[in-house]
Amino acid sequence: MTDAALRIAIPEPRPRGAPLWLRRRPELVLTPLVFLVLVALWQAVAWSGVVSAFVLPAPSAIAASLVAGLRSGLFLQHGLVTLAEAAAGFAIAVAAGLVVGTLIAEIRLLERTVYPCLVAIQTMPKIALAPLLVVWFGFGPGSKIAVAAIISFFPMLVTTIAGLRDTDRGRLDVLLALGAAPLRCLVSAKLPGALPHVFSGLSIAAVFALTGAIVGEFVGASAGLGYLIVQANARLNIPQVFALLLVLGGIGVLAYGTIQALRRRLLFWAPKEERSSP
Amino acid sequence: MATPLIAVRDLTKIYPTARGEQVQALSRVNLDIRPGEFVSLVGPSGCGKTTVLRILAGLIRDYAGSVSLRGQAMRGPSKDVGVVFQDANLMPWRSAEANVMLPVEVLGLDRKAMRPRAKELLAMVGLEGFERKLPNELSGGMRQRVAIARALIHDPALLLMDEPFGALDAMTRDTMNVELGRIAARSNKTVFLITHSIAEAVFLSDRVLVMSSRPGRIVEDIRIELPRPRDLDIIASPIFSSTVVRIRRLLDGEDATALPSIAH
Amino acid sequence: MATPLIAVRDLTKIYPTARGEQVQALSRVNLDIRPGEFVSLVGPSGCGKTTVLRILAGLIRDYAGSVSLRGQAMRGPSKDVGVVFQDANLMPWRSAEANVMLPVEVLGLDRKAMRPRAKELLAMVGLEGFERKLPNELSGGMRQRVAIARALIHDPALLLMDEPFGALDAMTRDTMNVELGRIAARSNKTVFLITHSIAEAVFLSDRVLVMSSRPGRIVEDIRIELPRPRDLDIIASPIFSSTVVRIRRLLDGEDATALPSIAH
Amino acid sequence: APALGQALAKSSFGPTTTDISTGHAAHSSLPRALGYWREEGLDVEVFGIAGNTAGLQLITNNNIDFISISGDQILMARNQGMAIKAVYMHARQPINRIVVPKAGGVTSIAQLKGKTLGIPVLGPQPYATAAFQEAGLDIEKDIRQVATGTGAPALLALRRGDIAGWISWDTAVAALENRGMEFTELRPSFFGDLFGNAIITREALLRENPALVVKMCRAIAKSVHFGLTNPEAAIRIHWQLYPQTRPQGGDPAQVMAEAKRVFLSRFSSYALEGVTKYGESLPSQWARLKQQMVAANELPADHDLNAAFDGSFIDRINEFDRDAVAAQARSWNG
Amino acid sequence: MWREAAPPLIFVVLLLAAWEAGALWGGLDPLIMPAPSEIGEQLVLGFSSGVYPLHLGVTLAQSLAGFVIAVAMGVGIGALISISPLVERTLNPFLIAFEAMPKIALAPLVIVWFGYGMGSKIVLAAVIAFFPVLVSTILGLRACDPGRLDVMHALGASRGQVFRMVRLPGALPFIFSGVNVAVVFVLLGSIVGEFVGAKAGLGTLILYANENLETARTFSILAMLAALGLLLHFGVAALRQRLLFWAEPRRGTPGH
């Protein structure tokens, strides 16, 4: 047998040389790399002059604006306002989505009556609704929380219903055979079983709550990243608009990441992919 | 004679299928089970055994005919019943012990007081040391044993078991059989056992019901006249083997000769 | 003697658990299977049988020791293998027939040509008329039989079976045993069978491997000297029963006396 | 007029609002329906764009040729380095309004100290800032601003007393008056010195195709003249081209009366007062605007005003027969 | 059929009756909540004048196109991401960051790139609606039953085959919840796009009606939007019924 054949027969299990942390979490390098490539592309577009700098500012200008905003503490101060609004809206949406979703999934009559109504109501454009919400919830954070909650409620609702529908019959049988009350079935079998679905709702809602808070701020606010965006936009400070969008994107990634971390903790029992995929 | 604990009259069950057809699973099934009795149900795969058990457990409610529990028309599951399903049906998010404790929680019993019992039951089914493992960290047979322990934890008067020992090796199965016989006798439980092992049925039961397939009917009700308490030595007795052969013949159909069999 | 089809050397497998512990499932397992051989593996529940099978099927790759298939280091699943898992693992969205046809589609075989074979196999496992039913419209035993048919459809040279007949009644099981023996002999298949029935193992196998538990080790490799072809009458032969008793004793442990057993 | 069959030159115009109401007829429906653009050899597409910034972005990126936009935004854009220029002064008066409900009894801006005022959307309010400053108030500190949107939510906020007054624009105020709201308008003394908005284009376009500027704006000037002569005809024409802007149902006479109020709230600021030519602007108006913006720190003191406006097209824009247009307007029955 | 449709119909009729009563005698402010009869009248007027059908058509076309793109992209990118955890970890942050940015702020950019017509609205609608599909696809593909995967892996199935035959069908219950969310957000997206600037569509109608303080008309347009939403919703539900016949809870079992 030749050397080459031997080498084929006994393949290297893993590339050697790379440090362990890199092999474990290659994204720590890859993500910044992709980011740099994107920025380079962007900068190239900016230099080429295909798109006006007032529409798409150069990354360098955005970076400068970002650094200035972060240094002065302006972004942090307003970012916390937005974050608080989004978090409150998210919390309300999660609670309401779980409760209403459960009611709809459990009671067929509601599924056929209330659910379509909720779908219909959801189609109302939030921006059109926002001024009305201001009238109802006041000019303070209330209206922004309301927009955030309304936007993120729907993903929670839909995924809760889907999760409860996806209940494993066998597990439910165990409880039913014990004469368990509906609430007990819900708590001990259906809801834990629905968690994988609910987590997709949570992930979507976390990001949507953020956009909701911003939309609420667009309509009227005296603080928050949405307020800063409107101000910067009106003053034609487009680099700052993009810097703020980046900050928002960062918060979004953090929020999503938090939900995923929670998911890994709570779904420890879910079958691990790695186990069976060779 | 005491009133039957379970009385089934003319039970007929038809399943609708996704393609809009109908499958008749049971046709005019009649059976009585008296309190304290140990009754086994044997029959070919797909004949409707699980369907009968699910109806007795109160999990299927759209059937024709009547089912009564303790003289009253069956209106759903009862708390004093332990069920072992054909699949283990464990909650994957609960450890072995927490799975066994599930009925305790559902029935609102004293958790603290019951925890030692859960440990005992797990030890009885040979799972000492595996209390804190999750279901997907257990082997198939281990999962089934957890399910058996779960059915026993609340000491139900009626046990419904659907092939509880199907995934167990010969030795464990023997141990479990003896254990089950002992538990049933000691606490005077009523047991309804579905099994594929004729020997197991004969060894454990007061009566063995033989079911035919498509549609499922009970074709014979055989009283096992072996003395109690029974131990494994009884297998050597002529009554034991003749009963096994008789049931085997019933299952093979009228025209079949009594073939030797690998599986009893 | 031909080179072994499968050669396992010092196979050791440790599972990590959710709680950060480690479970040693296998410890220095050695085994050889020659082409055309029928080898059974028996052992107590939880001893590591399924783990061995999953490694042979190429589904687990983080183990210590070496596994080679046809003289080459195992590098993952091979197309010429049919596996019956401990659970039926059917696709709930496919009808029984479509489930059986799955390997045909995966391996890119001629669907039209294979469809009659799928029907035949379903008939062989006693599921004529159930071709278009969905898995959740079948009984437990029926599902398992679909899984057996699925493992056979592409006529693999190597069959790995994990308690394929666990959910089957005695009669169906006998039929399936005889059928499996016939298929293996006719097409000279190599079969690796995990079973809980010692009688079944002895009846079908050229060799029976006996495994001990925690950690799993192969404690005995028993050649079955019964003539081939075998039919059910062989059960009456003294070699058959003595072999069964011998394995049984091995499993019960050194200190155990040969107890009578309900389950073989 | 171009010969028949001659291809029309494509161009585009963007009112910086998505609500192209009858008040915007002069640069949307009228020049098109009356064929004024076509007579100039133009095929003009009209885009409603949400907001001044979006309009400026699209114009600098060559997506649109002309937009109408407020004076302060022009100066701010120039200051940011945008190569745009005003070519035609459209609204000769500020289109902004500071209004309070008549019933409230407020008659001067100074009385608004400490009150909550509504604005349609967030953003800088140069006109209001200056007006409050004149009254000795700091708009940031001495009053509270809340965004109410336009239309029903604003009316509701006024009715419920959530806001003591409203800072908005002419057509939006007229719409509330149509719903029975009676306002007192509070004007600063410099109201007459300012202007509302102008039509701008890119400097490059100005260089390469000055004729287009004349053609585009002449049609608009004719439309203004038409509309001022016969508002009802102009409104009907607008409704024909933009049927969605016509209120549905109601008494036709009342609907027309209400539409006229909205129409005139804007068109009256197009009227020739103090000047003789459409589009003409007075340097004092620009200077006054700059002064105000410098005071508000929106503009550096050395900002070059002359670069913002090019009045060289005004004469040619006004080369049309006003009487003929007026006659056409008076005799219009569509 | 009738038995299925009756409860929702009765419910809606009761709801409208209560609303009408509230408007008549309950002192509902017509500026906030006009009576259903007035809204109905506006619908009739809008349809008879031909204004509504045109704009309804535009929004419907935009939304349908956006919906198809959103679902295709969501499932497509989700699939790509699920193939390798590396792709997911590398790509996901960008997708999430992008999704967290308010699309209105990006609107001028979208108009620059996709034009002033339906194109930009379709893009905005698709971009907003795609995220729920993406997330649910990723999590659905990940929640795959390991036993079923074993069957495929043991046959040496290719990634594509595993995806097509096991992962995707298994993920359908998840994907459908993403699609159900997308139904609503695609409408919101095209309306947002129209708010930013458009010649036609229900969003532009809302702006006019709102500015004119024609609240009943605003509600009549919202009603059309809701009808579109329900149309899509029930369309998706019907599709779900067809594709997920195997996952529907069997009848004849208690617990409901």
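Note that the chains are named A, B, C, D and E in the order they appear, and that numbering of residues resets to 1 at the start of each chain.
Just so it is clear, a contact is a pair of C-beta atoms (placed from the backbone, for glycine too) under 8 Å apart; a residue touches a chain by one contact, two chains touch by 3 or more.
Predicted model only: the values in this text are computed from it and were never measured.
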Smallest number of contact steps required from subunit A to reach subunit D: 1
Chains in simultaneous contact with subunit D and subunit E: A
Rounded Å distance, subunit B centre to subunit E centre (Cα mean): 49
Distance from the mean Cα position of subunit D to that of subunit B, given in whole angstrom: 85
Multi-chain contact residues (two or more partners), subunit C: 18, 58-59, 76-77, 87, 134, 136
Residues of subunit A whose C-beta touches two or more other chains: 51, 55, 132, 135, 169, 176, 218, 233, 268-271, 276, 278
Numbers and ranges of subunit E residues touching at least 2 other chains: 32, 108, 112, 145, 150, 153, 195, 210, 218, 245-247, 250, 253-254
Contact footprint of subunit C on subunit B as seen in their complex: 15, 17-19, 23, 42-46, 49-50, 86-87, 126, 132-134, 137-142, 145, 163, 165-174, 177, 196-200, 203, 232-233, 235-236, 248, 251-252, 259-264
Interface residues, subunit D side, partner subunit E - complex: 18-19, 21, 47-50, 53-54, 57-58, 61, 63, 149-152, 155-156, 171-172, 175-176, 178-179, 243-245, 247-249
Subunit E - residues contacting subunit C, complex: 145, 147-148, 150-157, 161, 165-166, 169, 245-247, 250
Parts of subunit A lying in touch with subunit B, wherever the complex brings them together: 168, 170-171, 173-180, 184, 188-189, 192, 268-271
Contacting residues of subunit E [partner subunit A, same complex]: 4, 7-8, 11-12, 15, 32, 85-86, 89-94, 96-106, 108-109, 112, 131-132, 135-136, 138-140, 142-146, 149-150, 153, 173-174, 176-178, 180-181, 183-184, 187-188, 191-192, 195, 203, 206, 210, 218, 222, 225-230, 233, 247, 249-250, 253-256
